[in-house]
Every structure is written in C-alpha cells, then in structure tokens.
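Note that the chains are named A, B, C and D in the order they appear, and that numbering of residues resets to 1 at the start of each chain.
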Amino acid sequence: MTIILLWASPAVATALAILVRPYRRSVGEASVGLAALSLLASLWLAAQALSGTVTPATATDVSRVDSLSALLAVCITFVSLVASALGPGLGADRDGNPILFRRLRLARSAAAPELEAADDEDDPAQSRRFRIFQNAFALTMIVAVTANNVALMWVAIEATTIVSAIAIPFERSKASVEASWKYLLICSVGIALAFAGTVLAYSDFVSTAGHLPDALNWNILRNAAPSLHPELMKLAFAFIVIGYGTKAGLAPMHTWLPDAHSEAPATVSAMMSGVLLAVGMYAIARWKAVVDAAVAPAFTNALLITIGLLSVAIGAFSLVIQRHYKRMLAYSSVEHMGLVSIGLALGPLGTFAALLHLVNHAVAKSMSFLLAGRILRRYDTTELARVSGLLAAMPWTGPLFAAGILTLVGLPPFGIFISEFLLLKAAVMTDHVWIAAAVLVLLLTAFISLVHHLNGMLYGPVPAGVRIGESRGWAVMALGGCAIVLLVLGLLLPPPVAALLDRSIVELVR
Amino acid sequence: MKTRHFSSICVGCVVFALAAALQVLITARPLDAAVPAVVAAAGGLLFHLDPLGAFFLAVVGIGGLPAAIYGFSYTEHYEGHRSLPVFGVMFNVFLLGMSLVPCAGNIFTFVTAWELMSVASYFLVMTDAEDVDTRQAGLWYIAMTQFSLVVLLPMFLLLAPAADRTSFADLRIAAAGLSPQLRGVVFLLALIGFGSKAGIVPLHVWLPRAHPAAPSHVSALMSGVMIKLGIYGLIRVVFDFLGGGPAWWGALLLTAGSLSALLGVLYALMEHDLKRLLAYHSVENIGIIFIALGAGAILRSYGLHALATIGFAAALYHTLNHACFKGLLFLAAGQVVHQTQTRNMEDMGGLIKAMPQTALLFLIGSAAIVALPPLNGFASEWMVFQSLLAGTSIPRPEVAIGFPVAVGMLALASGLAAACFVKAFGISFLAMPRSMHASEAREAPESMRYGAWLLADLCVLLGVGASVVVPALYRVLESIDGLVPDPRLTPAPGLWIEAPRALGHLSPALIALLLAAIGFGTWLIVRSVHRRPFRVSDTWGCGRIAQTPRMEYTASAFAEPLRRVFAELYRPTQDLTVNAHPDSPYFVESITFKSEVRPWFEEAIYDPVVRAARRIAARVRLLQSGSVHRYLVYVVVALLVALASVWWTP
Amino acid sequence: MIEMLLVVGQTLAGVALAPGLVGSIRWTKARLQGRRGAPLWQPYAELRKLFAKERVVSHNASWLFHAAPFVVFGTAVAVLSLVPVVFVPTGFDSIGDLFAVVYLLLLGTFFLALAGLDTGSPFGGMGASREMTVVALTEPTVALSIFALALTAQSTNLGEIIRQTVAEPARALGPGHLLAFAALFIVTLAETGRLPVDNPTTHLELTMIHEAMVLEYSGPYLALVEWGAALKLLIFFAIAANLFLPWGVAFTPSPVALVAGFALFVVKIGALGVAVAVLETRVAKLRLFRVPELLSASFVMALLAVLSTFLVR
Amino acid sequence: MDGLFSQLVVLGSSGMLLTAIIILWRRGVPAYISAYRWQSWLLAALTACVGYFGSDAGLYGGAIALVLLKGLGIPYLLRSMERRFGAQHELRPYVNTETSLLAAGVLVLFAYALARPWMAVSALPTRAGLPLAMGLLFVSLFIIVSRKKAITQVIGFLMLENAIALLAVVGTYGVPLLVEFGVFLDALMGFLVMQIFVYQIHETFDTMDVEQLTRLKH
C-alpha cells in the first residue's frame, strides 16, 4: 500500500503543476508537501524492509521494495524534498527563504511590514516548468528504484534522462542549450546500449526457461541466473556497465556531467548529481548481483575496478586546474562515483562501503550544489577567481559550503571519511593493496586541489558590489539540516542505517 | 558565548586530561573504555591508555594548560571579532583531538582523532586569514597533513590481520607474524607518515610556514605538543607493534635525525621572523629526539638492551623538555609580537626595559633550548650524548662509525643553536628599540604571563630534578615490551643520572647548587670590596657624539659570518640596485640591497611533484574538448573495449 | 670530608694561579720579542687596580650587563672545581663530566655575548657575533675529542679518565690520543682568544673578538671578566695537561703527594704557557673567514683520533 | 515452415541494415528520412511476421503501433522539421563516404563475431537475425558519431532504437506488453524532446552544425 503512496505523491504533484495553467504559489507549496509525504512513505517502507517483510511477497507484482531500494528511495525523496523546498516559485525573499514558512514565523512577531515588499517574484512560467519537471524527475527516479521489472526500471531511467534534459535550460542561453543537447544525446545512446544488454539477458533467459510472463523480475532473474549461459551474461554485463555507467557518470562516459551540472539550475543539478548518479550505480549493482550468480565475480570485479580507477583518476586530475566551482563539484561527482564502482567490486565489506558512500555523497553533493546556487545568486559568477571572502559575505552559506567541501574530500567528522576508510580497509583485506595505494594518491590530489580552491573562495577580500550579510532564514536551516544529517552519518552511523546496509548486502552479494 | 566560557571549558578539560595521565603513570595500570555503537562497522570507538600513552597525554596537558590560560587574554583582544566563535570551538576540538590520539585503542579511533586534530589546527592557522601568506601557509599545512594520513592509512591496514580485528592488541599480535619485507614496508610508511607530522627534514616544509601564521598560543601548542604525537605514533608502531627491527631502521632514524638537527638550526640562523626562527628550532629538536631513538634502535638491534634504554629514555625526556621550553618561547614571543605588532626582529630591540618579565621568560627558554647546564635542555641533551657514546660498544665498526659522526653533527647543531639564540634574545630584547612600536611597548597583560611562568618553573624543576624524573621515564618504558630496560639498570631516584656501564654520571642538582653558591659568593666578595655606586654615561663610541639605534648590530649582521661559512648550503641570492643621481654617476641617490636564503631542497623535492600533477591535469583537461562527437567516440570505444574484454578475461 | 676540603683548596689555588699564568705568557712573549716585559705578577696589580676603580655603565645597559660578569666568573670557577688540578677525589662521584664542563663554559660565553650586545655599541655586536661563530665551530671538535677520550677510558668523568690512563699507560699513548691532544690544543687557542684566531693584546676594533665584547666593562666587572678569561685559559691547559699526561696527579690525600702533584702541575702548565707564547710570536693572526678552515682541520683531526681508537680497540 | 520464417526474418533484418548503410552512402536529409521510413516499415512487417509464426497476438498490436508511430508519425515530423530549416546541404561529415562504408563493414563483421555465442544459445528460429541486429546497432552508433548536423544525429538515434527493437523481436519474440508500451512511450518522448532541442539549437545558434557547440570546455 505504501508503495502506491510513494509513487502517487510525486505523480499528483506533477499533474497539479501541469493542470494549474496560470502558476500560483500554492502549487509550489503543494508539491513541497507531497514531496514530504513521499519521504515519509519511503521511510515507512525502509522500516518495513528492516522488519523483514519485503512488500509485496508475490514476485509477479510490478514493484518490489527490498532494503536496497528502500535505502535509495529514502535518499531520492530526501534530496527531492530539499530541492523542491528551495526551488523557485515559492515567493522566496532575497536570501531564498520561502514565504510560507516566513509567514508562519512572522505570524508570531507581527512587526514585519517589509515582508511583502521584499519578494522578487520568480517568473511564473519558469516556476511552472520547473515544478512539472522537478516532480516528474522525482517520480521517474522513485519508479526506477522500486520497479521489480528490469525493463520497467530501464524505461524509468530513460524517462529520467528525458525529463531532466528539459529541466536543464531553465534560462535559455547558448551554454545551457548546448549542455542539454549533449546530455540528452550521450545519455540516450548510453541508455539504448543498456537496453541492448537487458534484451541480451532476457533472450538468454527465454531460451533456457521459456516465455514466463514476468521473467524480467529481479528475484526470478536471480534465481534463474545459475542456469544461464556465462558467455552471454558477460556480453550482457558489458553492455549494461557501459550503458548505466553513462547515467552514473563513470569515465570515459562522464563527459556530459560537467556541462549538464554546471549549466543546470542549482536545484536540478543537486538532484542530478546527488541521486540520479546513484540510480545509475543502483542499476549496475543490481545487474552485478544477477551476473555474479551466472559468472565468476572476477569478470565483473575487473571491469568495475578498471572503470572505477579511470573515473577517480580523471575526476581527481580534472580538479587540479579548475576555474569554475560548479564544474569542480561535477568532477568531484565523477571521482566519487568511481570510488563507489571500485567499492562494489571489493566483496561484502566493499559493497557496504560503496552503498554508505552513495548515501553520504547524495546528501553532501546535493547540499553543496544548493549552496553553490546561493553563492551564484549572490556573486553572479561561477568563476573561482572572482569569488572570495565568502565567510565574510555570507556568514551562513560560507561555513555550510566549507562543511560540504570538507565532507567531499573525506575529512572526519563527516560521513564520507568513514566510507572511504571502510573502502580502503576492504581493498587491503581482499589484498588489492595496489588499488588502495592508487586510490589514496588520487584522493590526495583531489583533496589538495579542492581545499586549494575552497581556500581561495572562503578567505580573502569581499569583491566590490557583493552584498554582505545573510538572514538566517528557512533555506539556511534546511541546508543546515543536511549538514547535521552528514554529521550524524559521520559520527554515529545510526544502527538502522547500518542494518539497512547489511540487509542490502545480503541482497547483492550472495 | 563569552570568551571566558570557551577558555574556561578548555582549561577544565586539559586539567582532566592531566589527571587521567598522572593516574595511569602512577598506578601503571592501563585505563580502558569502549563505545562500540559508534560506527560499529569500522570497529567502533575503543580507548586504551597505557603508560606510554599516558606520558604523551601528560605532555599534551603540560603544553595545553599554559596555552589555554594564555588564551583568556588573547581572546579578549579579539572580542567581537567575527572569527572568535569559530576559534573557540576549533581550539577545544584541537585539544580534544590531541588528547584522544594517545588514548586511541583501535585504528579507527586513532585515525579519527588524528584527523580531528589536523582539521581543527588548519582552521586555527587560518584565524587571521587576511594576508595572503597565511592562506598559503594554511594550504601547505593541510596538504602535508593529508599526505601524512594518506601514508598512515595503508600502514595501519597492512598491519591489521582481518577486517573485524583492528584493535591495537590485534595489531600487536599480527605484527609478529609479518614477513621481514612487509615489516620493512610498514616501518617506512610509519617513518614517512609520522615523520611528516613530526617535521623531519625532507617533510618539514609546512612547519616554518604554518606555525608562525597561527596565533602564538596555538603555535606553542602545535610546536610544543602536536609534533610530539608524531613521535608517539612512531614509537607506538615501530617499537610497540613491530618490537624494533634490523639495524638499518635505526640507521635511517639516526641519519634523518642528524640531518634535521643540523638543517633546522642552520635555517633558523638565517631567519629574521621571530616565530619562523622558533619553528625551525622545532625541526632541530625533533631531529635530536630522532637521533636518540635511532641510537636506541641500533643498539637494540644488536641485542645491547641495557645501552638502548638510555636512548629511548633520552628521547622521551627531550620530548617532555621540548614541550616545556618551546611552549615557553612561543608564549613569550607571542607577548612580544602582541606588543610590537610585528614578527620581524629588525624592528624590535630594547624590549628588556619595557617588558622585563617577558624578557626573563624568553631568556630562560633560550637557555633551556641551548642546553645550558642548570636547565632541563642540558639534562636531556647530556643523555642523548651518552646514548651516542654507548654506540661505541657495537661489534661492527662500519655501523659504530656512524655514532661519532652523529655526535659531531649534534654538537655543531647545539653550538649553532647557542649562536642563534644569542641573536634571537640579543637583537630583539637588548640595546635600543629600533621602531616606534618597540619603543612604546608595555608589559603584556597578567594572564598572558601566568602560563609562561608555569612553563618556566617547569623548565627549571625538570632540569634540576632530572635525577628524579629519569627513573620515572624508565617505568614508562617498561610498559612497552619492545623497550623493556634491563632491571639492573633502573636507578632509584637520587642525585645522579647514570649512563649505562658507568660511562658517565652527572648530578644536575649539585651543579646548580655549585653555580648558585659560587655566584652568590663572588657577588658578596665584590660588594664588600667595592661599595661605590656605578656612574651612568654614554656607550663608548670612539669619540663620536650620539649613539643612534641605526648603529646597532641587526639580526642579519649578526648571522652574516655564519652565512659566509655555510654559503654553499644557503646559496644566498643577492641583488644590489644602485640608482645614481641623474646628473652624474658618482653621486648615489639610493642603494637597495636584497639578499634572500631560500631552502633550495624544498624546491628540489616539492616543485617537480606539483609541476608533474599540473602537467597531467593539463592533459586530462583536453579530454573535455567540447565536441559532442568526440564524447560519443569515447562511449563507443569504451563499449568495444568492454565487449572485447569478454573474451580475454577468465 | 677531607677530600671536599682538598677540592675547595685545589680550586682556590687554581683561581689564584690563573692571572699568574697569563702574566707568565706575556712575560715570555716579551722576552722572545727582545722586550723586558712586565713582571709576572703584573696581572695581579691590574686586578687590584680594577677592583678599586669606579664602574661606568652605559644608559642602554639592562640588569643583564650587571649580571654577566658574575656568571662568567662563576662558571669558570665551577668548571675549575670539576677539573682535578692536583688531587683526584675518589670518595664521592664527581658531580659533572666532560660534557658538563663544555656546556658550563658555553653558559659563560652565552652571557658574555649577550652582555656585548646589551650596550648597543656596534663593537659589542661584532664581537658577540664573531665569538658565537667561533664557539659554534669549535663545539664538534670538543665533542669528538671527548668521544676519543671516553672511548679509551670507557667513561666521560675526568677523574675516571685520569685513573684509567694512569692505570694502563700503553693504551693512552696510541696515535688517537696524540691527534685528540692536537685538536684540543687548537680549540684552546680558539676558545681563549689566543693569537691565530684572535689577538688578546689588540684594541683595533676590526680584529678583536673577545676584547670587543668586554669593551664596555670597567672597574670590578672588568676585573671579574678578565679573571674569568684567565681561569678559562687555566682550565683548558689543565684539561690538556691532566687528561693527556696525567702522571703526577695525587690520588691519596697525603701531603707529600699533594705537594709533588702541585709542583708537577705548575711545571706542566708553565711548559704549555711557553709553548703558546712561542707559537704566538711566530704566527700572525688569521683573517676571520680563514678561521673556519683551521677549525675544520681540528675537527678532522678529532675524527681521525676517534677512528684510530676504534681500529686499535 | 520454420525455414521460410527464418528466411523472412533474415530478409527483413538485412533490409533494415541496408537502409542504415544507405544513410552512410547518400547525402541530404530527405534521403535519410525516407531511409528511416523504409526501415520502420520493414521492422513493422517483421514484427507482424514473428507475431504470425510465433502465434503471439500481442505482436500484431505492436506492429500496428510501429507503423503508426515510426512509419508515419515521426517521418512526418522529421520532414516538417527539415522543410522548416531549408535545404541546408549536408556538410562534409567527419569521415568521407568510402571510409564510412568500410567502417560499417568492419562493424558488421565485429557484430557477427560478437553474436556467435548468442546464436549458439538461442533456440528460436529467428536467431539468424541476431548478428544483423547487432550490426545495425553498431552502424547506427557510427552514424551518430560521424554526422555533424543535429537532425542526422536524431535520425541516427532513432535508427539505434529501431536496432534495439529488432534485437528484442529477433532475440526474444518481443518483450512483455507492459515493457513494449514503455519503450514506445520513451521513443516518442525522446524524439519530441530532441525535436524541441533541434528548434532551440536552430534558434540560438542559427545553424544546425553541432560542430559549433564547443563553448563548454574543460
């Protein structure tokens, strides 16, 4: 039942945004409420997954939420809630604090007449388009993660590409059109290859077990996998890793990622960089579980480690000479996805580290991109050289952005430090010592470059014409909330999350 | 949150840390605590405080308490400044990190505490980030700290026997079973990782940049205490887990130590910046500690356990002493910089009249660091010399010859240190003030001096009471099976400190007594013989009229003879510009002379690495060329390679 | 208790003897240069005069200027009490060894250099800078010669070294000992400001090292500093004499041994004084930046001394 | 009976492969559009044929949908788009015609080598069409990579989707209905969005040459 709630709320939000012709602020607030509802639904599903009842039990049903899907569903709904709360069309004031919550706060202290005047109303048409595609984007990702049918998952992922491609050119400019065209073309080619892989696997299944009606469901595929032909499954996995790797931003198929994320509006790139890449990795992880049952894991591990190391290397070295902070965040996504791909190939502990890394990265990267959006609105440039004195100019966004970057480079007390520590431990334990050494050197390169750029942004004189000071509005509190989630993941790694991860490993690594 | 709250909290926790350390030191029973729930996958938080950890926790406490007290008045000065709350939080996190490192019981706790300490100190270094070179220093610092972590992590993971057994006890058991090559690799990683945090020569580049940039009591903590945790890590891994190794380990430590001692003091001599000078001296003293460790390690590898213990005892003792006098010097220097608003010694001078107590504090610190007899520096340096002398009884002559060379380098280093601190104290405190600020300087506020007096008294007590402190150190060594001294040798606390096999014995207490008696006696005799008051007049100047501050000797003039002697090492750059009067070349308007000593080996090691990274980065950037066709070719090529891999993988 | 008294007596005798030694060297140099020369007891007269004269202090000077002479003189006397001039105490362990001697002398030089800087005169600064350079460069040689001595005698305590060398003279007369003696002799010339390194009699600003630091002192302060310098000279001669040719040092508190020991000590010190005087008349002062070559030569000699003791052992 | 069925399938898929090769050979967008139309019609026929022989009613529906969507709808939209942007002559592609044909040949050979294990495994009579479908897939990839104009890249992408549909039909007698519907929906949506972007590119860059789109670097 909760699955229907989970799918319904973003669908209703999308429909609402489409139908209400002249865009009104209530539509924005409704979509935020529905996003919150879907988060609650996914949390409830996670609780159920923890208690062992995979709903529904029957294999034939369209959707199946086990702990791995629940985990990703929670991530997706959390990030889309934050993104929609900070999106346009909510009557945000200069500092991006939506009016609804300000009216609640100010209801208590009535002496704030200047409230109405401060709203620079966002352009309604753009807000409407944003609301439609943001909710559609969330819907497609949730469907992709909770779909039981492999092909349905492919359809949902293809839909995410189409929907997000339209959301990129928020303001029509040469750069954003170019970015969205490249994104659409490369990802569609990638997804098509993934479908070829899916068909290959399905035909192998058909030739051995005949035309079962719901042959494309995960658990049936897994159970039938040992009887499938190794040669064919290896071929299928090659297609799938390249196909979904394009969606996950793994090198060398990552080329669309820096352009798309630096041109898209902050909220869209937050969702794309945070969770869309995670969905790509989810698909690869699922298929790896199936192929490992049919073929010895050495093949899939070798492929994933090679592509992973390549991504970490390209990601790390692209950060060294980087002039734009949004592209900097994008390349760091490539690097982190490379780490996740290596993690998946390092046995149970590695998979645990990889999934934890996905969760941490989703929260940290989406927070960083949203903060980058606020910095862009204040400094009106994406060039690192022209952004300085951030701590002085924006006393709330500055420290949060610093916290975001320090999370991404893997410093304690934030979460990514733990996942990287576990990843290295897994590498050494499964005696891939050389891989651990290479990853460490690349992480060091990325660390020094990122901290160098952060150093330049945080300190130094505030450039002329940049407004100083920032109100502690609702937006800052939402992003502060993300930072606190990171701290909790970093310091405590709450037992339910750990339990969810352990169960997902049982799913993935037989 | 008023500043007083921040500082009082941190004074409270430092006192608590000291109490815990002393409790373990006295009872010699380790304290254990575990918080398995936190990040259970990585083994949870586990604390195990054994006497060695307690000793270093005591060093953290001794260094931390005065710095925290100094912090009271420092923060008042910064009251309302934007970065104060950040400073307050980070200072406490820094102390917490440093206190947790010696208590850590498993890999995850150690690494987390280590990183917390580094991140907090990075933000402390960046407090007054207005000027560019503080930001540059901050970047150097955090890059080197991360480098040390990147080296330490694989070392720990190589030691760990299995995924779930990562406590130090498991590591100790597993280390016994490692193959000699693996033990060598672990030793090298530990030396590089902990050496870069301690500031050994090739890896010390961040130290003279980061310490001066931080506020003075933070640099006191960093220089006095933080780099000692590098020593703690090294002893814990090399001597506790691996239980000492072949002779080349010790030889490497000895060479690194002597090089650091010599190069540290040589570059300190050329410094005009007071705090950079003190930072370079930290490199020198860490070198001395490494020499002691190296001597002990070599002696152990030849089975001469009795002789080796004086080396380890000397290392621990010098660690404690250095924490005291380096902290004292930085706090005193902080008060000077606070008053004169400059770190350049050329603009100071005559401060002894305006700031008598600070001058006395700096003098005691300088006397201690130069190892002048009654104070603690002399006692520990004497033990280091004895540990090197003990090296003569090594059967293999080609190894034993290393010891006299080390003695020579150490003696040269201590001689140069004497010259350096005569310069540091003389130029900045004596004669006439050479700048407006220096002449208007007033004595530092009360609380700033309390902390420094605490350390000064400690320097004297540790010096005179050496014969009581050293036996306690032997008890600390007993807790490590790699370092157990042989029972016959541990002397009872008395008046003498012994070198093994009666190579030499010394009673610092009696020497201090003798000096005091003779000094007082002479003073009495002279006073009785000559009762007339002294007449004050001008300094003798071959008959010229007025003595101006410009005629005084300056820091660069003082160090000029030594710069000429060691010219090949310094390779000083000189550029002289003479602009003559437009009418005729014979009338000179102004001459500007600029000479700089830049450590050439820093460029030789670090610049190539940075250039290589940038070259690779430039090539990787070309990947993102902008043409969508090229991107699609990447995808297709990746597909073909993946499909081809189907055939040749197993 | 007797031995304590003897050590104190021995120290006082040394303190009394020091100015005489300086006087004798001056007298010998004068005679060698064909001058009548001042009588041997001339330095005593100077000291008595200086103690009576008035102290003139610069207005820049701080309390350190007043304290330095006492430190210089005090450390010199303390070191003298450690060095067994006539009598080697066996009853109680001596409280300091060769390293303590070296670092106590360094303490004296440290404060003297600071006093030189205190008055702010350029000569004081120049003297202090050159003095510290010389001291820094002599440290390694002193340390290595101690290493050589300790190697043969298996101890750094002076009494122990003398006892070992007297007990087995054969081991002591090896080449290592000779080289160590030569190295230590060069160091003596450098530390006490004798001719090749620094001209003790000059007042020419550009050449003096030790004199420049004490330029500002007058009255009893100057007396104490001069006396301290004389004591330092005596200490180095005593170390050179007793450690390298220890025969004749009294081990038992019997009056006969003491008198014989004292007589032998005076003879040895006199011989060394004459040697220095002869050397000073023949050798001209080295330019300051040629002094490091001399000191590195002495360092190499000390290193060879250590090597030879290794090979012999 | 199976002999005729498999021959028909081989005929159909090789026809589709031929249409792709035509694109490499000819220049000019109208030629590409007609090639695509033929290809879609062949695919529809093939689907119907498999539906008939495999006695699976659902495939007929699929065939009809193919005809409506890809046979008529998309070519009509393509032609309107092409007319709107005038008879811009196809610029010289990256790879001249001879080498592109040669490359197509090599790719088909590679497809054959690749599909060998698949053919050995698949028990279906239509397995002979597998290598041809893989060949069509690689050739359409080559078209997307080598052509400069946005419209030709779109057509290349549509051909890629046809190749995969063919693969599905030949490999597994068609995927289940729900998935079939999803794939159609995606194809339509994908094309519509690409169409929007082609208009946008034309508007902002006032040229169709994708080569100009190189502002975003490094």
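Note that a residue touches a chain if its C-beta (ideal position, glycine included) is under 8 Å from a C-beta of that chain, and two chains touch if they have at least 3 such contacts.
Being a predicted model, the structure only gives us computed values, none of them experimental.
S.K.: With subunit B gone and nothing shifted, sort the other chains into their touching clusters.
M.R.: If we ignore subunit B, what remains breaks up, so that the groups are A, D | C.
S.K.: Report the pair of chains linked by the most C-beta pairs in contact.
M.R.: Of all chain pairs, the one joined by the most C-beta contacts is B-C.
S.K.: Which chain has its C-alpha centroid farthest away from the centroid of subunit D?
M.R.: Ranked by distance of C-alpha centres from subunit D, the top chain is C.
S.K.: For subunit A and subunit C, what's the span in angstrom between their mean Cα positions?
M.R.: Chain centroid spacing, subunit A to subunit C, equals 79 Å.
S.K.: Distance-wise, how many Å sit between the C-alpha centres of subunit A and subunit B, to the nearest whole number?
M.R.: Spacing between the chain centres: roughly 44 Å.
S.K.: In angstrom, rounded to a whole number, how far apart do the mean CA points of subunit A and subunit D lie?
M.R.: Taking the mean C-alpha position of each chain, the two centres sit 32 Å apart.
S.K.: Taking each chain's centre as the mean of its CA atoms, how far is subunit B from subunit D in angstrom?
M.R.: Computed value for the inter-centroid distance: 70 Å.
S.K.: Provide the list of subunit B residues touching at least two other chains, using ranges where the numbers run on.
M.R.: 621, 624, 628, 632, 639, 643, in rising order.
S.K.: Residues of subunit C touching 2+ other chains?
M.R.: none
S.K.: Can you tell me which residues of subunit A touch two or more of the remaining chains?
M.R.: Subunit A, residues with two or more chain partners: 181-182, 185, 189, 231, 235, 258, 318, 321.
S.K.: Should the pattern of chain-chain touching be classed as line, ring, star, complete or other?
M.R.: Topology of the interface graph: other, matching no listed pattern.
S.K.: Which chains touch, pair by pair?
M.R.: Result of the pairwise touch check is A-B, A-D, B-C, B-D.
S.K.: Which part of subunit D faces subunit A closely enough to touch in the complex?
M.R.: Subunit D residues touching subunit A: 114, 117-118, 121-124, 137, 141, 144, 150, 153, 157, 160-161, 163-164, 167-168, 171-173, 175-176, 178-179, 182-183, 185-186, 189-190, 193-194, 196-197, 200-201, 204-205, 210, 213, 215-216, 218.
S.K.: Which of the residues in subunit A end up touching subunit B in this complex?
M.R.: The contact residues of subunit A facing subunit B are 181-182, 185-186, 189-190, 193, 231, 234-235, 238-239, 241-242, 245-246, 252-253, 255-256, 258, 296, 298-299, 302-303, 307, 313-314, 317-321, 349, 352, 356, 391-392, 395, 399, 406, 411-413, 417-418, 421-422, 424-426, 428-429, 433, 436-437, 440-441, 443-445, 447-448, 451-452, 455-456, 458-460, 491-493, 495, 498.
S.K.: In their complex, what parts of subunit A are in touch with subunit D?
M.R.: Checking each residue of subunit A against subunit D gives 62, 149, 151-152, 154-155, 158-159, 161-162, 165-166, 169, 172-175, 177-182, 184-185, 188-189, 192, 195-196, 199-200, 202-204, 206-207, 211, 213-216, 229, 231-232, 235, 258-259, 262-263, 318, 321-323, 327.
S.K.: So in the complex, the part of subunit B that touches subunit A is made up of which residues?
M.R.: Touching subunit A: residues 37-42, 82-83, 86, 108, 111-112, 115-116, 119, 126, 129-130, 135, 138-139, 142-143, 146-147, 150, 153-154, 157-158, 160, 162-163, 166, 613-614, 616-618, 620-621, 623-624, 628, 630-632, 634-635, 637-639, 642-643, 645-646, 649-650 of subunit B.
S.K.: Which of the residues in subunit B come into contact with subunit D in the complex?
M.R.: Going through subunit B, the ones touching subunit D are 621, 624-629, 632-633, 636, 639-640, 643.
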